[in-house]
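Working notes for the structure below.
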Amino acid sequence: MSTFGHNFRVTTYGESHCLSVGCIVDGCPPGMALSEADIQPQMTRRRPGQSAITTPRNEKDRVEIQSGTEFGITLGTPIGLRVMNENQRKQDYGNNTMDLYPRPSHADWTYLEKYGVKASSGGGRSSARETIGRVAAGAIAEKYLREAYGVEIVAFVASIGNEFLFPPTLAHRTASTNPEFLKLIETIDRKTVDSFLPVRCPNEESSQRMEKLVAEFRDRQDSIGGTVTCVIRNCPSGLGEPCFDKLEATLAHAMLSIPATKAFEIGSGFGGCQVPGSIHNDPFIKAPSVPALHTGTSPSVPRPRLTTKTNNSGGIQGGISNGAPIYFTVGFKPPATIGQAQNTTTYDENEGVLEAKGRHDPCVVPRAVPIVESMAALVVIDAVLAQQARQMARSLLPALKSQQ
Amino acid sequence: MSTFGHNFRVTTYGESHCLSVGCIVDGCPPGMALSEADIQPQMTRRRPGQSAITTPRNEKDRVEIQSGTEFGITLGTPIGLRVMNENQRKQDYGNNTMDLYPRPSHADWTYLEKYGVKASSGGGRSSARETIGRVAAGAIAEKYLREAYGVEIVAFVASIGNEFLFPPTLAHRTASTNPEFLKLIETIDRKTVDSFLPVRCPNEESSQRMEKLVAEFRDRQDSIGGTVTCVIRNCPSGLGEPCFDKLEATLAHAMLSIPATKAFEIGSGFGGCQVPGSIHNDPFIKAPSVPALHTGTSPSVPRPRLTTKTNNSGGIQGGISNGAPIYFTVGFKPPATIGQAQNTTTYDENEGVLEAKGRHDPCVVPRAVPIVESMAALVVIDAVLAQQARQMARSLLPALKSQQ
Amino acid sequence: MSTFGHNFRVTTYGESHCLSVGCIVDGCPPGMALSEADIQPQMTRRRPGQSAITTPRNEKDRVEIQSGTEFGITLGTPIGLRVMNENQRKQDYGNNTMDLYPRPSHADWTYLEKYGVKASSGGGRSSARETIGRVAAGAIAEKYLREAYGVEIVAFVASIGNEFLFPPTLAHRTASTNPEFLKLIETIDRKTVDSFLPVRCPNEESSQRMEKLVAEFRDRQDSIGGTVTCVIRNCPSGLGEPCFDKLEATLAHAMLSIPATKAFEIGSGFGGCQVPGSIHNDPFIKAPSVPALHTGTSPSVPRPRLTTKTNNSGGIQGGISNGAPIYFTVGFKPPATIGQAQNTTTYDENEGVLEAKGRHDPCVVPRAVPIVESMAALVVIDAVLAQQARQMARSLLPALKSQQ
Amino acid sequence: MSTFGHNFRVTTYGESHCLSVGCIVDGCPPGMALSEADIQPQMTRRRPGQSAITTPRNEKDRVEIQSGTEFGITLGTPIGLRVMNENQRKQDYGNNTMDLYPRPSHADWTYLEKYGVKASSGGGRSSARETIGRVAAGAIAEKYLREAYGVEIVAFVASIGNEFLFPPTLAHRTASTNPEFLKLIETIDRKTVDSFLPVRCPNEESSQRMEKLVAEFRDRQDSIGGTVTCVIRNCPSGLGEPCFDKLEATLAHAMLSIPATKAFEIGSGFGGCQVPGSIHNDPFIKAPSVPALHTGTSPSVPRPRLTTKTNNSGGIQGGISNGAPIYFTVGFKPPATIGQAQNTTTYDENEGVLEAKGRHDPCVVPRAVPIVESMAALVVIDAVLAQQARQMARSLLPALKSQQ
């Protein structure tokens, strides 16, 4: 099913060659200011080589709100969102090369196995265009999280091929023990990330090495993967549901649902498996006091009284957020579409050579940045709404004598 | 919510100190032979240092079927499963050390933040005992998958600390390009894995190095993590739902929901991000013919006509299984309970020193093996039932003229 | 949440004054011929005074498929459907009468209580326009059910005010014991129902009495309710999930979710509560043989070997369909919008008189007919897909020795 | 699936002849005092001829909490509940009469059609024993609703056969326009209802007529049905989700999921279809002030500022509760098990005569009273938790300028 989330529920539709793509966002809190202007920037960042500050003239992938708001305010009812497709395929062109071969490491073959129907776009819903609905919905989620809790979600490119922003070392088998990394995730913002376009790796030197590497792959008509790291700051504590819907589990689910992803790690990740428990454990310390979020009529949300001295846990313990920054890394494989000829086999089991035409993007990792942010927002808002219900439910009970 | 799956749905209950732990399995196909003897072996493998061939005398964690079967046959109705707890806490002992401190990197603090109630067991549902219900349910799922499709699910320890079964090398940045690894996952079985107890790493030399490493950590009253690799063979093609419930996404969700996990990778994983697309792409070849599964009255399930020459995809493309072996690796952090004293802070924000008493397991990765297998089975059966519905729905439609 | 169904899942969006209304249909089987022409007739029947055979010229409520089909064939992916609104409200007109008063027995007040935001349309989502998405989705469901099983769903008006098609009598406290009623539901079709427009009650005399009654209420600027009876023929047996999702329970859910409904009865209904068990029980008889549905390549679906002699059960026993016709009746209250002045109270707690302007429909029951049919189709297809999964899952297991 | 509810989710297991029946309650708010003593009274009322004040000595259907509480306080984690069966069937007795015939209007036949497996109990999950889990879960829900909002849920028998507590008259085609009925539902409590055992109809004269009627049916070895009316007082406003999960829709779903139910009406119901809109509409009036619920530390929940003068809506408008008493009626068919011989057909399609042995209950309606109350509680708490989430989500947003 094309639905994500339980309390803030996104249902998407659309493939490459149909009339439009879009989604329905159900469960958005009522009474929030919302217009297309809140959504469009991330839509634009998702397009090749664009930053949020790009001029919106002649914009493509223009989102249009169908329902759920009135006079710029959310009603609490489902928000319909639509983006037109420009590349509709009106008729079946028959046996061209693309129709003869399932493309290697694309979804053409598996979609046929699943549905028994061959879509002209190959794996129709596996198209990158499917992510448009996610990004639109994520922008709405983010707005709520920012307004209600001051949540900040920022992703950036952490590696391309074997060029790393924080290469693993003997001293730091995981970036989670590296103070420089921790400092970066405390402060990084989207504007800074976009200032390192086209690669979106927020470090001058790494960024240049990555750009050079991508150029090499482009020239060879080959492709290369990479990783994106994302941090969620000011996330309230208590998010995540034991035992199957731990917060890291739903984050992993969300991230591995993005096309071309192969790996996920939270906090110390795979590197943390090599760190002794005596170092990996995050001792508790008293939390610094934090100013109230809103000075207006809305209540501020209290921050936890304790926090952790280190953060190998990545802000989540026992599957539940502890209020510290949540950070994770997602691995993207090299794009399957390459210019080189490939020896493979047709749908009819005949061996042959497939050659893709046209220009291809040798590395999609920088474009994945807003998609990762969007999916993170969808996970967090869903967990927030669940926890808000629990807190309010509890608050209405008479006080217990023996408990606080 | 403590529920996993949509079509084969498992709901678990229980924490460390209550009367019992267990689950309800809803959606098990009717007409399958099932008794406690099908479930107990994985329950036993889950206990410290046990193999499936251990004598069942004086067995602990004995599972009892409450409902859903009659005369050893599943009725199709919910299967209640229960395992008694032996360590119930009958009253509150008040302010002992454990009650003063939230244990570092445990769930004590976050559960209190979430629920506002301090359970005597700390994070009650984050206990390893919670996994009993998963393993029991997984054993039922596995039985169906084996009987209907011949599915085989085998997990093993791939690393402990910095001792690896297949260390990454310049030639093989990911095991997925290593022929030795591919050969292992084609053939490995549980009996072989258990013959390498206590570490469950199926290689004499690696196994000994890991055992030695664990002993060192035990002697230092420290702990260490590691990784588990799991392979699913004979999985039917067409499993996994676009776009949010891709098969790797639900696998990642399942694995990151296991206590102490920090990372997940499918197929080539993080290493695959460094491999050029021209090598990473899996070309198609004609699939070898496979004998029918059942010679009895049941129909055999046809295998796909094509398969891939290499398998960097890990058996999943575009989120959908292609019939090739599915394999993935899960990272476990070092256990949070260590014998060493830890400087930390009490619930009341006072700094102090926490010392845990008793013997502690310095490495839980070998015990995680059956849990990983069980969660994999739950993911696959849920996807299988969804795909069966789709196939049967389609089969009842009149044939289309223009399609195959 | 604005979602209905688990396996065939419909999510709707839209209120009266927004850009468009529509829905996403997820889970439609792949490989089915589908175009707007399959959907439009029920959309048209839903409009005031229209039959399916009305000329489509200058048609309103024109549905547009956004996705999920290609070259007229369903892909198995989500089907986006959209219908433009013509009555958008571009700005807030401020304190007119409608904005001062919550209209009696409308949703204005309760929507404000729920969301804390006052929509210009009063209870935005409670608008009759919301049912457009249901009818569109229902038409797709119906097409599948018809093609795969020959299912026929026909609803008609059974009463308006105190004019009944089958008035309860001492001999027949429920229509379920009345042979004339049983004969009608065996044969009635939509064309016949529409030949009795504007009331859609398939009996000349009753129809005329009803028309006269509605005219009286119209002249008094008052309104009146009524009931709709619906029959589902050729429904496969085995549908409905114990114990919470019995087929009558999900039908009741579906029907009471239609605006203005107050009551539901399945089979003998409330009248059946007065019938002795010895008469109410439906004895089993051998079922007549039924010709195979398709003569083409598709398999026919076998009908049950037994059926019931009488049908007080309404085709459902123990919550599960038995293959006999399923029939039920839905009660609709009189429309809340009336021309008469009403003494009531403003949002600001001031007493006053509310007068609605314009022409109002004194009786909406005839228009409810296609909505009832659509919701019935959504219930049945969801249950069909669940049961298909179960049947296929069971069919792959090895045969049991002791069972058939 | 055997699951009810989204936020307060009940999953049940068990049939007549297995080891135990029970359920898992997931989503119960943490910090509530809860023990078996809160649950047992409704369990006891569910047994034949028992009131809540019956002495608990030698009690049957004794419920045992497995998990989710500690020291008598809910932890917020799943609550496992179990009740032992006393009537286990240890082996298959073969071809006795019961095994040859599908009992008329029982679930024996449809369960076989559904699952392809014949359970010894006929339709295993359709057994009345299945309702034990509902009643246990409902008692927990009720406790929360009472403590947090002062909600009172009371059901009573409104008719048996053709003996009515409030027979429909020309003046009052629906009880909703009858002041006596409205007065009764404002004040009725469970103690009063149980004082009219065995029929639970709270009126001396009606009660005696009903008792006599049941005796007649018993003597004839026949059975008779009836109706149960239920009122929910002090229900907060704003409950119910547009558009598919209107509060009356989920109530109808819940009620029609109870074994032997055939009909449901909310507020004016079927009778209301005959009442002119000018009378049926409920005008608004200023609500009387209500004292705060708790005088302790918990906040009181504000009541709506407006209420309705009449209550034909049954406390729900546009699918959303308005704060007025919610009331509805449920129809139960005559029990299918009767002492008389019945001409019917065997599983093998042979005509014959089925005679049931032993004593049978000629009317189960009085026992349905606590089941109706329990299902009502499950519906309301699920809606309450959804609405609490919405309210808290909205409360954290900054205030809008133009809105209140």
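Residue numbering begins at 1 within each chain, and the chains themselves are lettered A, B, C and D in the order written.
Quick note on the criterion: contacts are C-beta pairs under 8 Å (C-beta built on N, C-alpha and C of every residue); 3 or more make two chains touch, one makes a residue touch a chain.
In UniProt terms the chains read A, B, C, D = Chorismate synthase-like protein.
Please read all numbers here as calculations on a predicted model, not as lab measurements.
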Pair with more cross-chain C-beta pairs in contact, given A-C and B-C: A-C
Reference chain D; chain at largest CA-centroid distance: A
Interchain centroid distance [CA atoms averaged], chain A/chain C, Å: 40
Cα-centroid distance, chain C relative to chain D, in whole angstrom: 25
Centre-to-centre distance between chain C and chain B (centres being mean Cα positions), rounded to whole Å: 44
Multi-chain contact residues (two or more partners), chain D: 1-3, 12, 30-31, 71, 73, 76-77, 114-117, 125, 242, 390-391, 394, 403
Partner chain A, residues of chain B touching it in the complex: 1-4, 12, 101-102, 104-111, 113-118, 123, 125-126, 130, 159, 161-162, 173, 217, 220, 222-227, 237-246, 248-257, 259, 261-270, 272-278, 280-286, 304-306, 308, 312-314, 316-323, 331-336, 338, 340, 342-345, 347, 349, 351, 362, 387, 390-391, 394, 403-404
In the complex with chain C, residue positions of chain B that touch it: 6-7, 29-33, 71, 73, 76-77, 144, 147-149, 242, 294, 296-299, 301, 384-386, 388-400, 402-403
Complex contacts: residues of chain A adjacent to chain C: 1-3, 9, 11-15, 17-24, 26-27, 30-31, 64-71, 73-80, 82, 89, 91-92, 114-117, 119-120, 124-125
